[in-house]
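Listed below are the structures to be examined.
Both of the next two complexes hold subunit A, though its partner changes from subunit B to subunit C.
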Partner chain A sequence: MVRRIDAIEKVTGAAIYAEDIFLPDMIYAVPLFAPHPHAKIISIDTAKAKVVRGVVGIFTASDVPGELRTGGVVQDHYIFAKDVTRYSGDVVAMIAAETLEAAREARDKVDIKFEPLPALFSPVDAMKPGAPKIHPERENNICCHYPVRHGDTDAGFKKSDKIIEREYKTQHVEHAYLEPEGCVAIANADGSVTVRGGMQHPFTAQKFTARATGLPVNKVQIIQTTLGGGFGGKDDTISIICARAAIITLKTKRPVKIIYTREESVRESYKRHPFHVKFKAGVTKDGKLQALEANIVADAGAYCSTSPFVIWRPTVQCTGPYIYPNVKCDSYAVYTNNTFTGAMRGFGSPQINFAIESFIDELAAEINADPIEFRRKNFFTQGCTTHTGQKFDNHKVAIAEVVNAALEKFDWNEKFGKCSRGAPDANGNYYGIGMACSYRGVSLGHEGKDFCAAIIKITPDAKVELEVGVAENCQGLKTVMANICAKELGVEVEKIIYKDVDTLSVPDSCPTVASRGTLVGGNAVIDAVRQIKEKMAPVAKNIGAHSSFEDIVSACHSMNIELHALGTWQGPPVSWEETTGQGNAYFTYVYGCQVVELEVEGKSGKVRVKKMLGAHDMGKAINPEMAKGQIFGGMVMGMGFGLKEEIIHKEGVIQNLNFDKYRIVTSAEVPEMEALIVENRDPAGPWGAKALGEPVNELMGGAIANALYYATGVRFRETPIKAETIRTALSLRRSISD
Partner chain B sequence: MEIIKAKNLKDALKLRTEKKFPILAGGTDILVQMRASRNFPKGMICISGVRELKKISLKNNKIEIGAGATHSEVALNKLVQKYLPALTDACKTVGARQIQNRGTIGGNVMNASPAGDTLPVLLAFDAEVVLQSVRGKRIVPFTKFYKGYRSIDARSDEILTAIIIKKPAPKTHAVFMKIGTRRAQAISKVCACFVRAGDKFAIAYGSVAATPVRCKRVEEFLNGKKISAAIVAEALELLNEDIQPIEDIRSSAEYRSHVSKVLLDRFQRILATF
Partner chain C sequence: MRLKINGKNRTVKCPLDKRLLDLLREDLRLTGTKEGCGEGECGACSVVLNGEAVNSCLILVGQLNDGDEILTVEGLEKTPLGKKIQKSFMKAGAVQCGFCTPGMLMAAYALLKKNKKPKKSEIEDGIAGNLCRCTGYKKIVEAIAMCTK
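Presenting the complex of A and B:
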């Protein structure tokens, strides 16, 4: 068993989070939010607030020395709302004071005069011609659009015996990381700025901060503190907060601390995109899929953030692991005045897979086929060509393998026969099982350049300093990197001194997202070790075969052979043609299958999940225990998406800002779980490893919807599937056999 | 803010009159409310160290539960387990272990949320609350204590010192039930306590009206009758007249009304097994 290298400091409380940093002369800053989701700001009167004892300064859009707008893809996100607010989490001002209490007291005294503007809370309204424009510089409210044109869907429908159309909808989901956003910024004597904080990707924070302060990138140092969870959510918002902290420290010349409360965090930070998916498929009597038309509309909220990438991935994966010879897909992300949406574990895939896997079961039901046999008939096969024209011949196409492994372990056949199918037992309860499976592109694909670097320095006392450009997000990255490094070098892992990411040290290694950490970081580490070994080899040869690592290091040192190396890795080529949506979207793919067993209490509609199983081909499990942890955690998070979690907006204002009303799954509901590791090593990965963090979070929603169907006979097409909805549906129920 | 730790009950009563600060028991409601409203008192009187308020005793056929007993202390108490297992169950569903270790039964009563989980139990058992001040002591029956949404018959210098419940007659059957969104840390969508003592019934619900409510119509209908599925089916019709659930972020009015019936029906099934 591998021990996490950061475990002891975390469990003993010694780990330093942003909130733990205290510096002499430090001031505190708090955000003042938009008074209305879409309004014209007429005036901001700070007179009463400024005189609150302890207030150091109030900062607004006019205090931004650099660019007011930022963003990773499109620069449309205002660091401070100026003239207009676009969602209720827009920050109009930051109030800095000697104490947190004073800052909050002053915040209550800022008087904002505003005039509400017509607001848009649904993508459907926002897409209507003539709808008010949320970003006036744009042509309309469509943030981005991705098409795929493959084959001829009309011809495909003609060949079909049955044409089936369905719609599915998903909700806004909060990441619910344990640690709300926080950072501390310090203005240095040379005019540069250092920000320490809990960001998932220090290089984004660096770029955002440089842009907003007007400083060159190399005058902005970002150092990651221990991160209290991210799930994709510690990117844009925390980077913007870092930029604001930097602006304030540069003006006041005092260290500035910003630690969000849960309410502030939930109000400002981005959410998972709600999707509205429309599918139309044609299938022959004997169960062969002929054509698919998919229309995906996602609510981008007020700002673009990573929306183009978040809808591009489900566009590439819109068929699921099934061959449709003819596909037409159009995906849109649309601006509204809701909370903006962005990256979250899965990146569009939990939403699209809920739709795909529900739909596949619905298609099977429509042609009276067994849902598993129906899948098998249409699965991707080795060497097949997908709807983006990519030939799957460079990796093992393992969809059938993971599904077989999962179903066998779960006793699927036996349990499937026992499903209630709409006929409750004597107590009025229902039993059901359901499954979902997927394929998923690894790493960024065509989204962006795919690069990673790692630095190894071996000190004369034979300690190995390791720094990797991808960041610890609590997923265990440091442990994985340290273990790869130790094993490749042939030393004990205790020799590794792991250095947290410092943007002024290691090269920008693209974001720690897309489940790419192990793959890209591991490859960069292996490359660095290779260089070190090349330097050590001749020396080792000279001093004898049985010499220890220490001896060789010492010999190298005395011979002035410096043992440091910069390892790099560059992703294999990918391609994409924007107008037709054809190309080799990702350089390799992973496959997964999850199964769930549940009971529904008919009278109350309450669902009790009894068992979940996940089987995932991750290439190679570098640390099997942590891999299982990912599978368990991903399934539980998926259970929350399927059954419980939902950010509720009312006229653009979030109604559940804290965990008393935003309900994630607690340990009390976590059922028995099983994880199956499937290993088909990939030539692109370190030791053959591919990806795992997101695939495990993209299936449970669909599996639950399917299980609920085989239990109750009712098809639920909208997440979360709450007790209230189930109860209402059951009172109108028809059994499956009807 | 000034937090004064009362040494004993006398001290607490004196402080309450002199300082007029609110009482801080476990703080699991008041601190949350202060933070949300950003309305901070000048000070608070902390009673968590007052031993007299933690006693649970049986005297003269009456069970007296100190207002300062935490939900964990109530749930683990042998007397309560023996005579009031429904209260044990209610205390065990409040939040989760951490909340039960801090939150008190007195806080639950004084906070007066219609969703307070122990309240239907206390209401169904015709509990009385003991309110004390330097001026003296008052005993108010639970049925008169809640006057409206979060409005209670308590004065600004009073402290709730205890809750008194008559020892139930032998062969009293009582159950507590709760419907929440999840198994822990979930405020009730509906909670209820059902009591049958001989051929008399007491039924109280939480989260279905502005205050915890006794279902008088249902009780009167059931009293003296031999319970059966058919009788309860008739009683269910009356339930709607006793409760007025609303729609809020936790659930819908329709769902609350429906599961209220489900719980009553479940009680009938449980009784059948006694």
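Presenting the complex of A and C:
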């Protein structure tokens, strides 16, 4: 077993997170939020706040030396709201003071005069012609639209014996990383700025900070502190917070610390996109799918963030791992005055897979087919062509394999026969099992350039310094990189000195997202090791076959051979035609299947999850124990998505800002879990490895909805499926049958 | 006020309305104890006070008494049980982002001090006040179970 290299500092309390940095002369800054989700700001009166003892300064839009607006895709996100607020988490000002208490006291004394503007809280309303525009410079509130046109759906429906239409809805979900956003910024004597903080993508923070401060990118140094969870959520918001901290430190010439409270974090940070999915499918009576029409509308909230990419992935994956010869899909993200939405583990896939996998079971039921046999009849096969016109012949199409492995291990056939199917037991309770499966594009695909770099430097005392351009996102990246490096070099892992990402050292390696860390980082490390070995080989030959690594390193240094290498990896080509949605969207794919067993208490509607199992083809598990940890954690997060979690907006204002009202799954609710590792090594991956972090989080919602159906006989088409909803549905059915 | 923190006698002087969490983190620079929610829901700030796991964000210095014994993650290594729990967490793969880890360790310590051989369900209940978003709890429960052997 390979242990995490960062575990020791985490169990002793020595690991330094952003909140643990204390510097002499440091000041503290707190955010002042929008008084209303959509309003015109008339005036900001800071007179009373400024005289609070200890206040150092109050910073607003007029203090931004560089560009006020930022964003990774579209620059529509105001670092400080100016003239208008667009959602309740917009920050109007930052108040900096000698102490946190003084900053908070002053914040309460800032007087903002405003006039509410007509607000939009539903994408449907926001899409209507004539709706007030949230961003006046845009044509309308549609943030992005992706079409797919493949075959002829009308012809497909004509061939079908049955045509079925269904709608599914999902909710706003909070990432709920245990560590709220935080950073410390320091203005350096040479005019540059250094920001240390908990961000997933130091290079995003660097770009945002440079843009806002007006500094050249190489005058902005971002150093990642130990990250207390991210799940896709520590990108835009923390990068904007870094930019604000940099602005304040450059003005005050004092170190600035910003640590959000949980409430501040939940209020400002982006959420998972709620989806409204409409499906129409045609199927023949022998169970062959003929056509699919999909309409996906996602709530982007006030700002674009990564919406175009989050919507593009489910567009590519809208069929699930099933062949539909004819497909028409239109996906939209729409601006509203709700909290903005962006990247969250899965990136659109938990939402679309909940819909796809519920729908597949509904289709099977409509033609009286077994849901598993129905799936098998329509699965992707080796060499098949998907609805984007991509031929799947460069990797192992393992959908049938993972499903078979999962079902066999779960005793599916035996348990499926025992499902209550709407008939409760003597105590009024129900029993059910359900499954869901998926395919998923690995890495960024056509959404961005795909590059990674790694630097290896071997010191004369034979220690190996390793720095990789992708960042530790708590998934164990450092451990995996160190292990690949050690094994390729033929040294013990203890020799590896891992350097955390420093934006002024390693090249920008694109964000650590899309479950790409292992694949892209591992390949870059292997490339760097190859170059080092090439330098060492002739020396090793000279000094004899049995010489140790230390001897070779020492000989190299005495011969002036620098053991230093920059390894790189460039993603294989991908393609996408925007108007038809055709192309080779990703260079390879992974496959997964998750199964769940549960009981429903008829009286209360309470669900007790008894067992969850995940089977995932990740190419190759470089660290099997950590891989299993990902599967367990991903399934539990998926269980929260399916059954419990929901950020509730009331007129654009979040009602559950802390864990007392936003409930995530606790240890007392976690069922028995099992993880199956399936390995079909991929030619593109290091040692054949592909991806895992997100696939494990994209299936449990659908599996739970299906299990609830086989338990209660009721189909739930909206997440989260809470006990109240189930109770109401069951009592409604009882009252009808009475 | 005199407190015994991680086995050492310390005299602390601070406002009585200061949170124990801030006393530890800011005044004593014992930053291993984390703040996740500030309202006693997440357990990241758990410390052991006179043998009981408590949320240090909910306790004010004024509620403490002279001679109270406080154990934080920094003091675990020096106790045989604490060291055992730390090793088990590393061995079982119970550590991911690590932000909940100090609180989990302290909850586990308090649990195992009182109950040397807790059942799986007792472990699950014992850490039910400590949230973790990474692991799905399975390996944490396994790590604590390893300490009962």
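In this text, the second predicted complex is superposed on the first by the 733 of 738 C-alpha atoms of A that agree within 3 Å, B and C clash if a C-alpha of one lies under 4 Å from a C-alpha of the other, contacts with A are read in each partner's own complex, and residues count from 1 in each chain.
One rule holds for everything that comes next: contacts are C-beta pairs under 8 Å (C-beta built on N, C-alpha and C of every residue); 3 or more make two chains touch, one makes a residue touch a chain.
If you're wondering where the values come from, they're calculated on a predicted model, not measured in any experiment.
> With the two complexes superposed on chain A, say which partner A:E625 touches: subunit B (first), subunit C (second), both, or neither.
Touch status of A:E625: second partner only.
> Using the superposition on chain A described above, determine whether A:G476 touches subunit B (first), subunit C (second), both, or neither.
second
> Classify the contacts of A:R4 with the two partner chains as first (subunit B alone), second (subunit C alone), both, or neither.
The second partner, subunit C, only.
> Looking at A:K644, would you say it contacts subunit B, subunit C, both, or neither? Reply first, second, both or neither.
first
> Subunit A residues in contact: does subunit B have more, or subunit C?
C
> Quick one: classify A:A668 as touching subunit B (first), subunit C (second), both or neither.
After superposition on chain A, A:A668 lies in contact with both partners, subunit B and subunit C.
> Regarding the shared-chain residue A:G389, is it in contact with subunit B (first), subunit C (second), both, or neither?
Neither partner.
> Between subunit B (first) and subunit C (second), which does A:A176 come into contact with in this model arrangement: first, second, both, or neither?
second
> Output check: A:Q655 vs subunit B and subunit C. Expected answer is one of first, second, both, neither. What do you get?
In the superposition, A:Q655 touches subunit B alone.
> Following superposition on chain A, which residues of subunit A contact subunit B and also contact subunit C?
Touching subunit B in the first complex and subunit C in the second, residues 659-660, 665-668 of subunit A appear in both lists.
> Name, in rising order, each residue of subunit C that touches subunit A in their complex.
Residues in contact with subunit A: 25-26, 29-39, 41-42, 44, 72-74, 76-77, 86, 89-91, 93, 95-102, 105, 123-125, 127-141.
> State the interface residues of subunit A toward subunit C in the complex, per the touch definition above.
It comes out as residues 1, 3-4, 6-17, 19-20, 22, 175-180, 226-231, 261-262, 474-476, 625-626, 628-629, 632-637, 658-660, 664-668, 670, 673.
> Report the residues of subunit A in contact with subunit B in the complex, numbered from low to high.
Per the touch definition, subunit A meets subunit B at residues 104, 108, 603-606, 644, 648, 655-656, 659-661, 663, 665-669, 723-724, 727-728.
> Over in the complex, which subunit B residues touch subunit A? Could you list them?
Residue list for subunit B touching subunit A: 32, 38, 96, 179, 181-187, 249-252, 254-255, 258-259, 262, 265-266.
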